[in-house]
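Both complexes shown next keep chain A, but they swap its partner, so chain B is in the first and chain C is in the second.
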Partner chain A sequence: MNGPTDSRLRGWLATPVARALLALALMLVIGCVFNADGAFFRWSVHRDMLRQVSVFGILACGMTVVILTAGIDLSVSSVLALSAVGFAWLTLPMGWPAVWAIPAVLVIGTALGSVSGMLVARMRIQPFIVTLAMMVFARGLAKVVSGGQKITNYVTGADGVAHLVPMPRIFGLIDSRVVGGNVSIVTLVFLACVLATWIILARLRLGRHIYAVGGNEEAARLSGVPVARTLIVAYALSGLMAAVAGICQAAQEMQGDPETGMGYELDAIAMVVIGGTSLMGGKGSVTTTLIGVLTIGYLQKILSLNAAPEATRLMLTGAIIICAVLFQRGRDR
Partner chain B sequence: MSPEPLVSLRGIRKSFGPVEILHAVDFDVLPGEVHVLAGENGAGKSTLVNILSGVYADFTGELVLGGRSRRFSVPAQAVDAGVATIHQELSLIPSMTVADNLFLGREVVGRWGRVAFAFQEAEARRILDDAGLDVSPRRLVAELPVSVQQMLEIVRALAWDARILVLDEPTSALAEREVDALFARLGSLRDRGRGIVYITHRMEEIYRLADRITVLRDGVRVATAPAQELSPDELVTLMVGREVTRLRRKDSAAEGARQAGAAGRAPALEVRALTVAHPLPELARAGRVVVNDVSFTLAAGEVVGLAGLQGSGASDVLHAVFGALGKRAWGEMRLFGAPYAPSNPGEALRAGVALLTADRKGLGLAPWLSVTHSVSLSSLDRFSRTLGWLRRRQERDAVAELTRGFHLSAPSLDAPVRALSGGNQQKAYLARCLMVEPRVLLLDEPTRGIDVGAKADVYALVRDWTARGISIVLITSEMEELFLLSDRILVLHRGRISAELEGAVATKDAVLAAAMGVDSGEERDGFFAARDRDGGLR
Partner chain C sequence: MRVILRRSGSRPGGMALVAAGAVVLVTACAGGAPKKHAGTAEDPWVIGMSQCNLGEPWRVQMDADVRAAAEKHSNLKVIFKDAQNSSLTQRAQVEEFVDQGVDLLIISPKEAAPLTQPVAAAYQKGIPVIVLDREVQGDQYTQFIGADNVRIGREAGRWIRETLGGQGKIVELEGLMTSTPGQDRHQGFLEGLDLEHNPGLQIVFTGEMKWLEPDARTEMESALATNDHIDLVYAHNDPGAHGAWLAAKAAGREGEMKFVGIDGLPQEGQQYVAQGILDATFLYPTGGDVAIDEALKILGGQQVEKKIVLGTRIFTKDNIQQGGQPITN
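Right, the complex of A and B next:
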């Protein structure tokens, strides 16, 4: 009864990518039904969704790498805030040009990630605890750098008098759109992060090491995988992505806010697991994370288009995360 | 007139995804019989018994137990219905104690649902004593060597007093004496009218135990017959579908090694005064060791067998030589004359030393990694360009070629290793060790769970490698294998070398006597002759 094409199709449908795509397709169907008087059919709605989801998506890329090692990185939201504050501080009161400020912020993010990685890999402290501590620490550091205030272009000069400085061009540039206003720069940054992560995971030796360490750390060690180095690099990558996200966040908000990004780590984790990446490590991919990012992005967009109240939105998001994960797991446990 | 079967499976079909694995298989178990299920790796034996024990509920066909048609959705239901199972892969929880594992799923609870830990512990001690297993109920399972874990699984399943006992390769890591003890227990269960399903790749076990034999090939039942009506050769042909040539001992390798030694060539491996501290820090501080002042040399192309009972330290020797024990091991080593002191497995691999551990699930494979990625994991440097960019085509081809040599059968080389049958997982693990093209190969139970045909392949390959100058240190619980392959046999007793025997003249009795340290008058008895040496490979 089952022709060969039929069975091949069934085989494909059982793959995580196919399931994640089905979930996304379902979300799009829901969007078409609750289309808010045709708003859902306008490209600008999709463009805005992509822009709004980009910062989360960048965090989710780094999170995917860490979760694949059977770890977790709770500190991404705070590293994002620190990076946003750091970027604003360097470019506004300090007046650094962007070509210096951007690398400096990226280095700081990577360094904080490496510290987490070092504590996980060498001190053998659990990732949850290490990154929880790093989350608190980086948030504190952001407040120290900013003096507890939002850093804006209203700068106190040497004479003690506050005055407006012009906003550096880089802020507007990152927040702008290209291709006739159809694609945001932050979305392109997000897609570049997805591509970079994909290359690392699917094409580089490092990626194999990440999967092996997450799948069975002891077996990886006995196979000659440099386990500690792999873990440190994974957390460093997550820190780097958080710094990238922080710069985008600062540009979009036109300021460095030490309170920004609270709770973003949870959204990032949700996007990763909806895609089917296992919190147990060793199983998953960034492709499914991309699909997970879009799924949650559309969910939020549809809810806001239909003017769902905040409370409904939160409850529905929670319920849908569980449904998506159950659907993803299917029958093979 | 045959008695009513305890359980019968009729027309069982089972698929994974689009692939059908079992094709209308019939199987039944009578009271008071041992029914052996035989077949090649990947034939579907484990899948069939997993249906019986409630692991898989999505099959077609009928399972009749106690006169009515059943379909278990979780293993606990099968247990309640009187089916106890020892699975092929160890299913103990490593982070829990021995006692907790023994009572897992049927905890003794007092008021308010409180678990009666003290009672369980006392009861566990009694059960372990009955089995002659010298392990403290408080020990963590993670700290125990594989063979002790395997015996715990057996003890746990026997303690349920089930009507049907299913054993899926229970002896793959057990030594002869432990097997004897297990068989005595199974014999008495059979006499009490229990039904036993037994899966093994060891021919002598089949003929010692079986009342009836069912042979599966590629998911099809090709025969069911009383054991005495099926000769070993017929059985092998039924399983494999081809003739398997049996290998004879050959002593040319030892001869060649001696000549090389005489010609003044450096031995492949020299180990001097190797000592390994106890894995538990408090015992290590008190000066306890698991390997004590072991010295030996290994010539190029030579196979040295390491024999010893549980806790003799043989596995620790291999792990130490591989640099996997870090600061716990000390002593002096030379590799082809050059000083050799690996501080981690990566260094050992780069120096040309590879280790296959006895615990493929815990220490060998990552379940979700694909077959290709699992096999190439230790050799990725060879397939990397700058920045670690992988040459994937080359990698695939190399893996495909190597695994063909083992007759590895997998849904595809991109399937996760967890979708492979146990024996095929072992082949993938072996292939990884070979892919690094080692000069010294450390093998701990290399043929664990692989079928007769593949075993012959492995033996032939061992011949082939040694002829090319690769040296091997071998641990195996199968005496036959030990004698067949080893040029020399070193017997360990409590971490010390108690005898060195020439492979050609060694006898089972000599090895056993030395392994038990009979000289020092320490013969012990007990059901399972395992000794808990308060530690494992960690």
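Right, the complex of A and C next:
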């Protein structure tokens, strides 16, 4: 019975991707059991789940890159809020067309990420502290830009009188669905982010540098890897992803809310870790992050469909994160 | 007696605080009671307004209401502070206001237990205190002004029962159910619906959206997936109702049902009603304007009631242009 096919299968089953997939499959089985009167078997439920996790998933892509360098980025939720507010502010009261507003917001997000990266790489401050500070700073900036209020299509004009302006088309466009109403645009944005991250990590020299820095920074330095530059680019990428997520968030909420996204960084970290990426750096991939995103997305959807009480949801989510990580560690302890 | 001058934090008017503090310092050194202002345009009364959290739009509105009401009176000056959702910060702010010798203190406390003592200390030093929205324990304050969430929930429930004609499937999207407003808006809603005598009414889905719009949208998607027909969505706040509408719209089902929210902020719920997104919203008044009216009475030496319960107002498509309809009973 120990033919070559069998051993190859066993070998594959021991890979992080296979284990992450098994966890996801288990979650789907749970969904089939607790199907809320058959609701779980309808495509619209899965479509909505994919829309709902997209913003988290985009954050998780950037988070994967940073965690691979043995860092962490706590600022993503605040950069998301700042980007949502910035996007709403530029397109609504300022009346900028989307083709200008989107790049501007992306540049701001990337810039904030670069600042974090520079403080980590050049000033040698711990990533946790740097991004904690950036988290507080960006949230404050979001409140300054918005004046503490949500930015909606109810705009105060030059005459001091507030009036309704038509919602720019870009909001509805990002929040719409394609392929016969079966796939949300934000889900496509999420998948594009996964693809871009995968290309960077698996196909570019930058990706090899990221793994090298996270695996052993000193060894990477000695073998000629530009450590500082790699770190800065990693945090800049995370900032860029947070800005993308912020635009998606604003479009879905039809407003720029300075309070939005509170705590999203923890969801993003959980999604990365469930996928099997090590917080110690150097080990992991965006493919497993994608599976982690889906696993948590399904968990939340199943709990919501069954109208589980909030307390139950929190306890189950905590327990399942631990189970998934243990499952992921499996035999290579 | 020594007076310690504190930095005033991030609010504008810091210079005024330092100036006010300096006045107290001088008078305190002279050994008398803190000097009160005359209440004229040259020497206006100074009111300290301690807000527990300006992160919430409703509380931003409360400060705006206080500011707008105070600007009508040249003999009043209000100093605003934001405790940023920290009881200890708010406690320090109350003590600062006392040290600075304000003529009257308005506080919207974050929570009762940690702020009861500082409020009582200010009150015992002869500073009148108006407590807004959330109560403190005991009776060591001048006046409490607040709305009644149970009553507002009951009015919403009653309106829903009458609008649906006692027949229909309802989704309830709850605020944070560990918070008193969430519990009260739920309890009042059930009282107003009176399910016992209206068997045709049915709550088909309940989800906790924790006051958050994205969470409301997610919960509503589940409600839509598990129910082929929904007649009405009742959300404990307007962002929740708006999130539900977004979900229904994405499913192409927004015309099937009505949407009802609570809070009725001018730039939020009232706008949603004006745009035809919500069918009704019920005002949760901030009391900011009432607080200034009452403050003037107190400073003028009049006796005021110990407790004022604010009424609510309903906003619908028909009355939104007239500023809503007060509910009195």
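Some observations on this one:
As a working rule, the second predicted complex is superposed on the first by the 332 of 333 C-alpha atoms of A that agree within 3 Å, B and C clash if a C-alpha of one lies under 4 Å from a C-alpha of the other, contacts with A are read in each partner's own complex, and residues count from 1 in each chain.
Simple rule for what comes next: contacts are C-beta pairs under 8 Å (C-beta built on N, C-alpha and C of every residue); 3 or more make two chains touch, one makes a residue touch a chain.
Quantities reported herein were computed from a predicted structural model and do not represent experimental measurements.
In the three-chain model built by superposing on chain A, chain B and chain C fit together without any clash. Shared-chain residue A:Ser54: touches no atom of chain B or chain C. Shared-chain residue A:Ser77: touches no atom of chain B or chain C. Of the two partner chains, neither chain B nor chain C is touched by A:Thr110. With both structures placed on the common chain, the touch criterion links A:Val225 to chain B but leaves chain C unconnected.
With chain A used for the fit, chain A forms the apex of an angle whose arms reach the C-alpha centres of chain B and chain C; rounded to a multiple of 10, it measures 130°. Once the two complexes are overlaid on the shared chain, A:Gly148 sits against chain C while remaining clear of chain B.
In the overlay built on the shared chain, the residue A:Thr64 is in contact with neither chain B nor chain C. Of the two partner chains placed around the shared chain by superposition, chain C is the only one that A:Thr260 touches, whereas chain B remains out of contact. Shortest separation of chain B and chain C in the overlay equals 35 Å (C-alpha atoms, whole Å). Residues of chain A touching chain B in their complex: 2, 7-8, 10-11, 14, 203-206, 208-209, 211-212, 214-216, 218-226, 278, 282-283, 331. Taken in their complex, chain C has these residues touching chain A: 54-57, 60, 177, 205-208, 210, 213-214, 217-219, 221-222, 225-226, 242-243, 246-247, 250-251, 267-268, 271, 274-275. For chain B in complex with chain A, the residues that touch the partner chain are 17-18, 58, 322, 324, 344-346, 348-350, 355, 357, 362-369, 373, 376-378, 380-381, 384, 387-390, 392, 432, 436. Chain A meets chain C in the complex at residues 36-37, 39, 42, 44-45, 48, 52, 143, 148-150, 152, 154, 162, 164, 175, 177, 249, 252-254, 257, 259-260, 300-301, 304-305, 307, 309-310.
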